[in-house]
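Okay, so here's the structure we're looking at.
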Amino acid sequence: MDKGQTWRQRLYIIIFETSTPAAQRFDNWLLVTILASLVVVMLDSVEHFHNQYAEVFRALEWFFTVLFAIEYGLRLYISPKPMRYAFSFFGLVDLLAVLPAILALMFADAQYLMIVRAIRLIRVFRVLKLRQYLSQANFLLVALRGSKQKIIVFLVSVSTLVTVYGALMYVIEGPANGFTSIPISIYWAVVTLTTVGFGDITPQTPIGQMLATLVMITGYSIIAVPTGIFTAELANAMRLEGQMEHDCPHCKKPRHEHNASYCNRCGGPLYSRAPQALQRGDTD
Amino acid sequence: MDKGQTWRQRLYIIIFETSTPAAQRFDNWLLVTILASLVVVMLDSVEHFHNQYAEVFRALEWFFTVLFAIEYGLRLYISPKPMRYAFSFFGLVDLLAVLPAILALMFADAQYLMIVRAIRLIRVFRVLKLRQYLSQANFLLVALRGSKQKIIVFLVSVSTLVTVYGALMYVIEGPANGFTSIPISIYWAVVTLTTVGFGDITPQTPIGQMLATLVMITGYSIIAVPTGIFTAELANAMRLEGQMEHDCPHCKKPRHEHNASYCNRCGGPLYSRAPQALQRGDTD
Amino acid sequence: MDKGQTWRQRLYIIIFETSTPAAQRFDNWLLVTILASLVVVMLDSVEHFHNQYAEVFRALEWFFTVLFAIEYGLRLYISPKPMRYAFSFFGLVDLLAVLPAILALMFADAQYLMIVRAIRLIRVFRVLKLRQYLSQANFLLVALRGSKQKIIVFLVSVSTLVTVYGALMYVIEGPANGFTSIPISIYWAVVTLTTVGFGDITPQTPIGQMLATLVMITGYSIIAVPTGIFTAELANAMRLEGQMEHDCPHCKKPRHEHNASYCNRCGGPLYSRAPQALQRGDTD
Amino acid sequence: MDKGQTWRQRLYIIIFETSTPAAQRFDNWLLVTILASLVVVMLDSVEHFHNQYAEVFRALEWFFTVLFAIEYGLRLYISPKPMRYAFSFFGLVDLLAVLPAILALMFADAQYLMIVRAIRLIRVFRVLKLRQYLSQANFLLVALRGSKQKIIVFLVSVSTLVTVYGALMYVIEGPANGFTSIPISIYWAVVTLTTVGFGDITPQTPIGQMLATLVMITGYSIIAVPTGIFTAELANAMRLEGQMEHDCPHCKKPRHEHNASYCNRCGGPLYSRAPQALQRGDTD
């Protein structure tokens, strides 16, 4: 019984942690398996390969699905709090890798859903010195969250702009020139404003081309807005991170270099020192 | 009479403010109605739907127009200073939502003008914790206003560039390759410089392609200019906002740079230092 | 004779300066004339208008050319140092507005050169409160000059990248898929790297599409480089401008707020004061 | 013998250094030769020229190859540590310029590999005041290296996004609308997300166009991420480079923040203050 417990604990470390070589090997193999499973789904979608190897792909998809199902079961079984795992972010992603696969093997049309396994690829961060990378991802998220309100203001403005531009183009160009409805015209406005420019719909009348010029200049200019917001926010986050948060007891200056002993604004000591330090006299 | 007054005041709060639950519910419903009215105009522009439901759409457009007209009338009636509301930004936007609709229902071709109702969607900021978002929008506006002159310099330079590039392409490629006139060539130059690149007109001669390469590199590089301007301006605004509030103990100057040790108006120290720092004999 | 001198001086002020209302009126009319002349050249290039109004346009082009020639002659005659004006930037631009026009009226094909008059449009900065705008343009130029070396490094790297990518695509896709030669393939690489994406040439083979993916991701990512360089340089320039350059006589801190009397780093006075100021005792 | 040694040393300076006029002339001619050789390879790929001058190009390619081979041999012979040169970055690039050329003249299809000579163009930095430019390149590399982790997080996220978007588009649009397989759909997603937008494949169904709108907005917004990362990193590098060198008079700590008044290691004041500041009696 005691030994079984140990076996389960060892498995827990291999599957859920990254500290031991065995655990790292497990993570590596998992990634390779996920990638292989994605490649199979992708190749299966290419007609040329599908015609030749449909059976092989079908078998491989079954194989990977069973593998992921076993893995999911093991995780549930080994986890000390199975329900907490099942409803965690990674738990749901792991389930997503199995569920649609089962559906897909029953209904041919659901097969594509297996591509959601791609989301499991974010496990790659576990393989590449986990903590460092997650802290960087966190960094980006902090910057994004800090600018959330500005981004909403930006997106609402862009949506309004695109709707008005689209409707105007519909009126000016009309169905004869490919602007067959207001939704299509709004789609065109997005294509143009984001500087993607597919070229499947293009203005043909002089007035339409003048308005399109305006849309393009707008899009070219306001791309500065999300970039500016994010850059300023990120620069802020990086500046703050480089310094230690510790209020100076004398002047309350909130941030200091990591190795600072004294506040460089008021000259007072940052930490109450032991008596002998006070008596040193600082006369070197 | 007194009670009528109260009823009007309560309505005023519901329609013009956002502080009470009733007022928030009103704003929510207003947004939903605006969105619904936009959807109707959009769907009506899709030929497939128009053929089937022209009558329904016509009725709904009447319905929404009457609704917005009633709302506009109420706002005018309830506002303590009706003229001030009528000529305020929101007042004009609200009128725009009604006027063209009436025109549109009389002249079939004016129907599209109803899409200007989209501008009313900026009311969404009232629904999402108003003040916060408006202050953010204000932030962006300050940054934009601060860089107004730089942006004008930039736009004039780009316009000149585009005109010269366009004329050169017209000369080099000529009508045979799609550059049918100088205005069209300028339109092409804008499409290319902004990196939109529809591809409806493309250079065919080697020299034209070399010049196009130059246009593209120019466009790819100078997108840095509006971005740089806006980012620097925004970073500046964020830095200034964070300037430290600390009264100088000698002359009471209220604001100082973050790292200031001494007041730069009277020269007095901003912070009293800890005793041992004073005893160290700062007289070297 | 004395009066003639005055007349010449008055004309000098009107034509070369912007301080008097008459001078401003002159600049405004000059801009309008330049714009009108550009519009004529543009319209003349549109086949539809050319067929109908060829004679009118020809006459107008003569008219504007004579006008600009008279203006150029006047400037030369009135300028105290004619040669210096003739070889100044604006002098050459003014000459460019006349010379090609004369050529163009003799050789029909040289007509397009008249569009170089567009360069004269930068005179618009003279009309819009000259000095402010020129200082802003100067600002941008300083930022660009500060990052000149970084930009050359960037452009050389991009050129090498584009050449190698282009040659690879030529090898992979070949003439059958539109990549008819290495120069054309390099042109395609520029179109793709700058995210313009005309779509006149597109990869058809799987390997070509994979390489194209790499080119696009590269282009999407390295646009950060010019933007980053310019933004950092501009932010630097703006930060410096906001402060006064004046070495503190005690600690040599080089920059202070504009209204600073004392250094906020060492507390010493920034300027040697009159004796009574020293005796004041600063004991408020 | 002694004289031969001198001859070798002189040649070493000419070929490997840039300090003497002769060495600079050598570098200039080398660049011109490399460019000429690239032009020959490019022109040879243009069918029109190939048909007419195949023999000339072939001869020139032999000529340049022999030239570069001689140069490579000389470098090996003259270098005091030949093996170290041979395996240095520039040594390998120099070899690359010869090796494929020999292959190419034997196998006609390998001819294109000669374009890798383009990499030799980075020698241009040697010609343009070497050190300055290399330090700038170093600057950019430091900024890129500093943001390596953030960039990996970004690229992994984008890859996942593109895979999921691509698979969804394959399901929604299907082979009938040009999305013939998942890999092709992923290729389309990259084309769209990077705002390149070739337009060879475009969504045709309303749902597909809505999803495409989402992809475009995503791409338009997240371009802010690499730009923000790089800009913040570069601004940081520029800020650190400018940290103040000033020995603390008490503990000799050599570097301090720009605005530091007191040493943050020993708490002593960094600058002696002017007398009146001291007399003011900082003991409030």
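In order of appearance the chains are A, B, C and D, and numbering begins at 1 in each one.
Assume contacts are C-beta pairs under 8 Å (C-beta built on N, C-alpha and C of every residue); 3 or more make two chains touch, one makes a residue touch a chain.
None of the values given here were measured: they were computed from a predicted structure.
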Pair of chains joined by more contacts [C-beta pairs], B-D or A-B: A-B
Chain centre separation in whole Å, for chain B relative to chain A (CA means): 28
Distance between the centres, which are taken as Cα means, of chain D and chain B, whole angstrom: 38
Residue list for chain D, restricted to those that touch at least two other chains: 183, 195-199, 219, 223, 227, 229, 231, 233, 235, 250, 257, 259-262, 267-269, 272-273, 276-277, 280
Category of the chain touch graph - line, ring, star, complete, other: complete
Footprint of chain D on chain A - complex, ascending: 38, 41-42, 45-47, 112, 115-116, 118-119, 121-122, 124-125, 128, 132-133, 136-137, 139-140, 143, 151, 155, 158, 183-184, 187, 190-191, 193-200, 219, 223, 226-227, 229-231, 233-235, 238-239, 242, 256-257, 259-269, 282, 284
Residues on chain A engaged by chain B in the complex (per definition of touch): 149-150, 152-154, 156-157, 159-160, 163-164, 167, 170-171, 175, 180-183, 186, 192, 195-199, 202, 206, 209-210, 212-213, 216-217, 219-221, 223-225, 227-229, 231-232, 235-236, 249-251, 262, 264-269, 278, 281-283
Sites on chain D touched by chain B in the complex: 195-199, 227, 231, 249-250, 257-262, 267-269, 272-273, 276-278, 280, 282-284
Complex contacts: residues of chain A adjacent to chain C: 195-199, 227, 231
